[in-house]
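Below you'll find the structures, each written out as structure tokens.
Two complexes are shown next, each including chain A; its partner changes from chain B in the first to chain C in the second.
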Partner chain A sequence: MSPVADQPPIRLLILDDEPIVCKRLKPTFQKLGYDVETFTDSASALARLRQQPFDIVITDLKMEGADGMQVLAGVKEVSPATRVIVITGFATMETARESYRKGAFDFIAKPFKLGDLVECVQRVEKTLQTDRRTPPERQP
Partner chain B sequence: MRHALSKRFAFWRRRRLPFAVLFKKFQTILERNNQILELMADMGDKLGGEYVFDRHYIEHSVQELEDLVFKLVSDFSLLNRKRNTELLIACEQIRQAINGDLAGRPVQTASTPRIVPLSAIGLELTDEVGAKMATLGELHNRLGLTVPDGFTITTGAFAEFLATTGLSARHAEAVRYWRDGDDQALRRLAEESHRRLLSAPLPRDLSALLLTAFRDLAKRRDDQGDLKVALRSSATGEDGTSSFAGQYATVLNVAEGRFLEAYRQVVASAFTYPAWRYRLARGYQDYEMAMAVGCQCMVAGTTSGVLQTYAPQQDAKVMGIESIWGLCAPVVNGDCPVDSFLLDRIPPYRLRVQVVAHKPRQLVMDQQSGTLWQDVAADRQHLPSLNDSQLQRLAETAMTLEGFFKRPLEIEWTFSTADTLHILQVRPLSRWSAAPARAIVEAADEPQAEVIFAGRGTIVQCGIAAGRVVLIDSDDDLDRFPHGGILLVRHSSPRYSAIMHKARGIITDIGSSTGHMATIAREFRVPTIVNTEVATSLLQPGELVTLDATRNVVYRGDVSEGHHFDLIEEELFEDSAEYRLLRRVLNHIIPLNLLNPQGEDFVPASCRTCHDITRYIHEKAVEELILLSENHGAAHASAPRRLTADIPIGLLVINAGDGLAGPADAPEVAVDDVLSLPLQALLDGLIHLGMWCTTPVAVDLHSFMSSFTRTFTTALAGPRDIGRNLAVVMRHYMNINLRLGYHYTTIDAYIAETINDNYIYFRFLGGVTEFIRRSRRAACIARVLEHFDFRVEIHGDLVVGRLKKQAPSRMRDRMRMLGALLCYTRQLDAQMHSDRDVACHAADFIQAIRNPSGGNTHESRR
Partner chain C sequence: MNAPDSPSGVRKWWPPHFGFGRKGRRDTAEIDIWRLQSLFNNFRRILFLNNAVLEDMDHLERVLGGEYIFDRAFLEASVRTISSRVHHVSYNLNALTGNGYISLYDRYQAIRTKLDDILAGNASTLAPAAVLPLEALGWELEPLVGTSLVCLAELRHQPAMPVAQGFVVTTAGTEALSGTGEAPAATEATRFPAAAVMASIEEMFTTMCGQDAGTAFTAVVIHLVNEEEQAGLRQEYALTPEPGGSRVVIAARRRPGRHPLPPLSDAAPALTAPIAAASPADGLVRLITALAARRPGQTSDPAGQSAIFVRRALPAALRGSVRSRAGGTEPFDTLAITAETAADDDLGDSYLLRRIYPFDLIRSTIAQRPAGFQFLRGKVATSADETDGALARGSALIQNEMLKRLAGTTVAVERLFGGPVAVQWECGSDGSCLLTDLAPLQIDLEEVDDDALHREQRQAVVLCRGGQMVQSGIAAGRVVHVTDDLLPADFPAGAVAVARYASPQLTPILQRAAAVVTEFGTTIGHLATVARELRVPALFGIPDALVTLAAGAEVTVDASEATVFQGLLRLSLLRGVKESDLSPAAPEYRILRRLLRFILPLHLIDPDSPTFAPQGCRTYHDIIHFCHEKAVDELAHFQERRPELGAIRTRRLRLEVPMDIRVLDIGGGLAATVAGDPGCDEVQSLPFRSFLDGLRHPKAWELELPSLGLRDILSGMTHEMSNLYGGTVNLAENLAIVSHDYMNVSLRLGYHFNVIDSHLGVDEARNHVYFRFVGGLADPERRGRRVEFISEVLAAMDFKVTVKSDLVIGRLKLIPADIVLATLFTLGALTTVAKQRDTCLYSDADTRALLTAFAATFLGPAAPVRGPTAGRQGPSPEGAATGQGGISPFILDRDQ
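Now for the complex of A and B:
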């Protein structure tokens, strides 16, 4: 499923301090018609997020500087409608629970199958389309 | 190291542990063995491209694996009460090799040979000879294709040469310039390095060695004084996952006088500005750069060119060939008009398009050295440079190669004056990625795609393969396995790894997705489905089928058509440093070198990978347990209890844990109180034979039963004899030693829910008649055991049968069968009048098992 033609492309921001992750994900999502930007440090990613809202953010959890939880909080602060998918190589029930509590849409353990992440993003996209038809109430 | 390690494990030898404790250790070994195989399979899966993983994953998995392997050895030391120093040293060496890769140590070591002849080269030597030459060695030595004879000057020689020039220290400088974008400085560094290498003298030892290799080749070729070779770069990574096309030098037609100079020329090409820049841009680390150089006899090509197995810019169903008179270089360089051909990718490889160019000149070998341009005879200038027979041979060879390497390829070739096809180079066609699943979906939707079976069994390795079914059921058949066949076997076994490189696909009736064979199938990337249960009964040997191990379907005929690949214009994941690192690390983990437990090299010192270690320990742990229960079982477990049964079986049973019900100090135990699953099943076969009495088969099993009990009773006269009939049991385990008259049987078995842990070991020896008849009986038993999936060895009248990794229900059935077999064969040797009887009696017994009266649910074979 690719983004609907008569709508602007879904904007996707990917943040992972391992370049390989960005390198693999970017072409995959570009091919599916998404507008993709990738970052390997959280400070630049957060700066970019303040400049411009993204529909979906995929972020690693454990990083130098601001970690994924802080990025998650930062995203929700500037743009509550943005869906956040957390990916991590240090998956525990505790971090998963915390991610959901802080508003993450989904939580995926690394290493993951490309197909699984694509499917997850497509699920997000469905909820976005619903939202676009009926704009969500602004969260406090 | 040896001393420290052995000290560490010394305490175990001093203590004698209760049998139950040792048995628990044995079970732990089985569990760890499974965990290791699963982890290995999991890591192997990550190479497939479906997963996104990072360096953290590699480090974490390696840590976990090393931990498991170390614990496995520790457990084994406890079980066999030995130091196992050799095993620990093997572990340590593997660990150091892996950590060396993780730390980014240079791939070459002091022990790397400096010269390797073509006949000794295979893919496993990739680090030493580079991917390009390793590939050619594989083509020559495994696929039997014609490749120019020669040898390779290894990365070890390169390291030795480089060390004398002090250039290896300059990489950090280059990285800095690259990072800072200082192209000028990088260019200056490269030019200086290149110059210095061209003029640097080779170490004396090395140059002597090189010249000796050259002269030996000349002698072997009977080419003395006249040998000319081509020197080709074969750098690490080149032609493997990155193509490096055109980055490194090739020097053609080199005579002995120019040999050393040409070697330096090729090596120096690694340090030209474009080559260095290319590596930096692709994130190659300095330790990943090592240049081997292939030396190949020149082939005086009459017509040469390049074949691409896939030409999707033209049509998805064709391959493309470009050719020219003379040597191949002009086609590669693209500086001449060439003939071009498009052929179907499927037999009979019909010629679709032919465009013949005007070819006024050809490149040929100079009499002295080097090459020169020559005019082509006027009447040949407009002729096609390939005839139909040559096109046909090229197409066949190309499809064989593509099947082997599992990806679209670019092949450089030449036809010699004797019209022999020589393969000069093979490399992956860049910018193409295999995505076969979609293609088969389309093909499968066509009405002619008949499904033979679907959704049966477990997928071990995804992928699609079409080929003829080759049924293998004994060791002897392995050598005859043809290249490109679909291997069909009853049950999986690691010994099939010997033909894995020839198989397009593998289908088994029985087998687990975490077993040894599964791991190897993944390593070879052979599409594989195991545990289908029905494959051997539904597929005919010789039949053409398509195995779709992605969707788990087997089709009749070749439905894969030409759609093997799909265009994906993205960077190949194989280009990432993480992928290369995982692949290197897995080289020390997954390959299995210890294939044959009976082989002389089945020793700890031969263990070169984690897989070898687990295989060795698994095999030895089973042996050890048999020894333990024979020698120490009685001394460490509860007091023996005599089995009371309808037949006077005279069996003493020792309960080593949950194997018997009733009071532990009772002198007797009833059949109903036997809780041990293996013993239950065996007794079922031994005692409850009444169900067969009415069966109208040629052999009256009941009469054997009576003779068995009668003889048995008399044999039980003395206490020594009674002592031979002993079983040590636990809930899932049994070790039984029986003396029936004059033959001895040992059965050691473990049967539980986890399929991978299950095994039966059966040993049969002796008999009252003369040797030849006893041997016939042994042959008869072997036949029966083989029929029921056992792996069998016969030595005279000794029969050893092994059965592993089957579902518990099947294991129980096999135990019941063994019980029946013990009765049946009791006095068979007295009736074995001719070799023909062997087959008859085996068939009778199998028939009796297949068609039991009284509603027995024994499964039958085919």
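Now for the complex of A and C:
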């Protein structure tokens, strides 16, 4: 599934302090039709999120400066509708639980298959489309 | 109560808890079985950890193949995890053997230090020496010699073109010699003193040039590593001996070819004036020192570090270069080859070929030769009107076959390198050709529009899709079906190999293929490893690939998308490696590749070799393999090596055949309700039960025998045993140590000593069957025939068989549970049949008769099945385990 042609492209922000992750994810999602921006430091990413809302944020958990949990909280503060996918190499039940509690859409442990993340993003996209079709007053 | 006191006279609190002080009531059997269980727990732990490490290794390999998105943190965590497991395997083996292999810890620590150094970016400790033969280079040395030289060394695995022989002075060596470095160089100087480096260089010159060391013409190529190396900058010097051999002159040498590899940049300016030296080694050292002096203060700068490739420069009749991408205005799928005579560049040719098998020649520009011009192999150009099969003045310098070899090799190098490359080659007058150098090619390729690329893939005809991506990447070519009768040498380099199984036999073909697709196969296994090593796009497990991919069809294999398209997908191929793919240029890829060099390779293969020792362990794989072999060996011999464990309480097994076996249950091997001596129905150990079914099988007892009756022999066995062992029951009796998933059976029937050790679980990576047979009082000829008989039967079951005099050892590993059961069933029958052979095998004909009879009864129907899975289709494990018609399925080789 890729973004619907007559709608504006889904805006995707990818934040990971390891450049190789951004480097490999960006072309994949661009090819699928998403509007992608990547960041390797959380301060810049948070600043950008305050300037411009994104539909989906994919963020690493353990980073210098603001970590993924803080980014998650920051995103939800400025844009509650933004879906956040947490990716981490330090996956534990506790961090997963905390991520969900703070409003993460999904939690994926590194290393992961590209297809798994694409599938996750496409699931997010489905929920976004459902939200867009649903009149605001009917939203839960 | 007589509890032991401490020297201070203080009474210890623990003796009552462990039975001390209860004089006359110490239960040695309980203590012994506790120790025995500890022994087996260590063994099980080794099996478990071995399996975990193998899984870790498989996972890391798949990550290298591009299947996963990962980061540096993952690499660090992986090294921690796998190291911990390997350390524990070493510990458990030492616990099992009474600290029999303490030196394993040293080997573990040495490897762990290397892995940590790689992660920390400390490359200097990786080099075993400052000067190395080219063929000794591997990916782990990449930071010390540069990617190009490692690629050149790796080409030894490519059968198409040989590579110039020579040696390499690593950055550690050049820094030690130049002595201008600061802290890092000082470390190198300590590790590799300049005098030692100098001595190594002299030794290498002698090895390379033999007695001609003082007079041979030598080419020296300066490679800058790291950043500069990526720009493909080179500088070449010639070490030319002066007449009389009294001294050597070093001078810059113009790189051959009309499109030579680019010269060094200002970062390392070339020497303009020649240098004179007393010997080639002295000359090389002077050159290194002079170059270092021209760029003071840069030795600690990665951009300024240089490695030096020295090769003997034999007289070349032809030389030239290949660019893996023609570039410029040429079509995207072309490569360019130049050739020129050593004497005159103006007589050079250029050729444009397709990059895809069969590398068709698209265009050539041929210079006109003067009359009498000498081609290779002494052929002389005739005038243009006398062509009649001979070479004419307008003939090409190199023939079509050579062009294709160059093209195929260059495309393989490009894949290995991870980007466009330029390759240099030379030919002697006898026609022998060598690759002499390679470098990354800076080339501007046509931009590929994402939308257009997406459109191209959407519109393309998909021939097949699915399977498992083993190595990412995209490649195109004509399909060649790999059949049993296809010789690897006949596989056309650059074609797409399509085969039924991902069998290790495909390895030489993989070295020539552009891509590989198989109908069956998994991401684990030798072929998958080779595909990743060579970076050949590989898809395993595509149903009916041999049908959907017709021989001769031109296809594009996009392994990353697990798809094979019809025809050539121009844009996809033009883009080549996707940005989303894991590129060899990525630092994380390089680190992982280096790490795996100290984790994956298995050097210790033969347990009977003298080098099969802790000192021979060079990788984690070596360590766990060593531990596994030694653990199995320890258990197979534990009764001899641990006599203190002999006085254990065992139970006599009630058998309906004249055989006496005592059983020791160490956990779930017998029904919990058994009060007295157990019967066969109360045996719950799956492997032992299957073995007993074979041992008791009526056909094993009724087998037609050439001479004496089996029953006569066996009836006297127990009596014979007590005579032999003087009535001691512990070591003389047949003993089976069993648990639910394990058996260790020691049989001393008649004159033979037989051990069968087996673990059986759902995870085939942990399963094994070990068989050992020795002894017999017959004359040597008859013993030899018995050994032949047993060996043949074991080989038919795919055992790895070793024979030493009367001793037969068979090992079978990594096998599914049903095969373990079928194997044990057959070994049970073999045990019954083999005991009496001393008295029956009077001639080779007897051996053949027995083998035929046994094969007909226990090695299954003569179905034409061989190979890795041969014979593994036999009776259901249930049948074998219950003895209900459970005849083993294995087939003898010679019956095929």
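Throughout what follows, the second predicted complex is superposed on the first by the 134 of 140 C-alpha atoms of A that agree within 3 Å, B and C clash if a C-alpha of one lies under 4 Å from a C-alpha of the other, contacts with A are read in each partner's own complex, and residues count from 1 in each chain.
What we mean here is this: contacts are C-beta pairs under 8 Å (C-beta built on N, C-alpha and C of every residue); 3 or more make two chains touch, one makes a residue touch a chain.
What you are looking at is a predicted structure, and each value in this text was computed from that prediction instead of being measured.
Student: Taking the superposition on A as described, I'd like to know which of chain B and chain C A:Pro111 touches: first, second, both or neither.
Tutor: both
Student: Touching A:Ala73 in the superposition: chain B (first), chain C (second), both, neither?
Tutor: neither
Student: Return first, second, both or neither, reflecting whether A:Arg24 touches chain B, chain C, both chains, or no partner chain.
Tutor: A:Arg24 sits against chain B and chain C alike.
Student: Of the partners chain B and chain C, which touch A:Ala43 in the superposed model: first, second, both, neither?
Tutor: After superposition on chain A, A:Ala43 lies in contact with neither partner.
Student: Following superposition on chain A, which residues of chain A contact chain B and also contact chain C?
Tutor: In chain A, residues 16, 18, 20-21, 23-25, 27-28, 31, 89, 110-114, 117 are touched by chain B and also by chain C.
Student: Which residues of chain B touch chain A in the complex?
Tutor: So the residues of chain B in touch with chain A come to 46, 50-57, 60, 570-571, 573, 576-578.
Student: So in the complex, which bits of chain C are touching chain A?
Tutor: Interface residues on the chain C side: 63, 67-74, 77, 450, 453-454, 578-582, 586-588.
Student: Per the contact definition, I'd like the list of chain A residues that touch chain C in the complex.
Tutor: Touching chain C from chain A are residues 16, 18, 20-21, 23-28, 30-31, 62, 89-90, 110-114, 117.
Student: Which residues of chain A touch chain B once you look at their complex with the stated criterion?
Tutor: That would be residues 16, 18, 20-21, 23-25, 27-28, 31, 89, 110-115, 117 of chain A.
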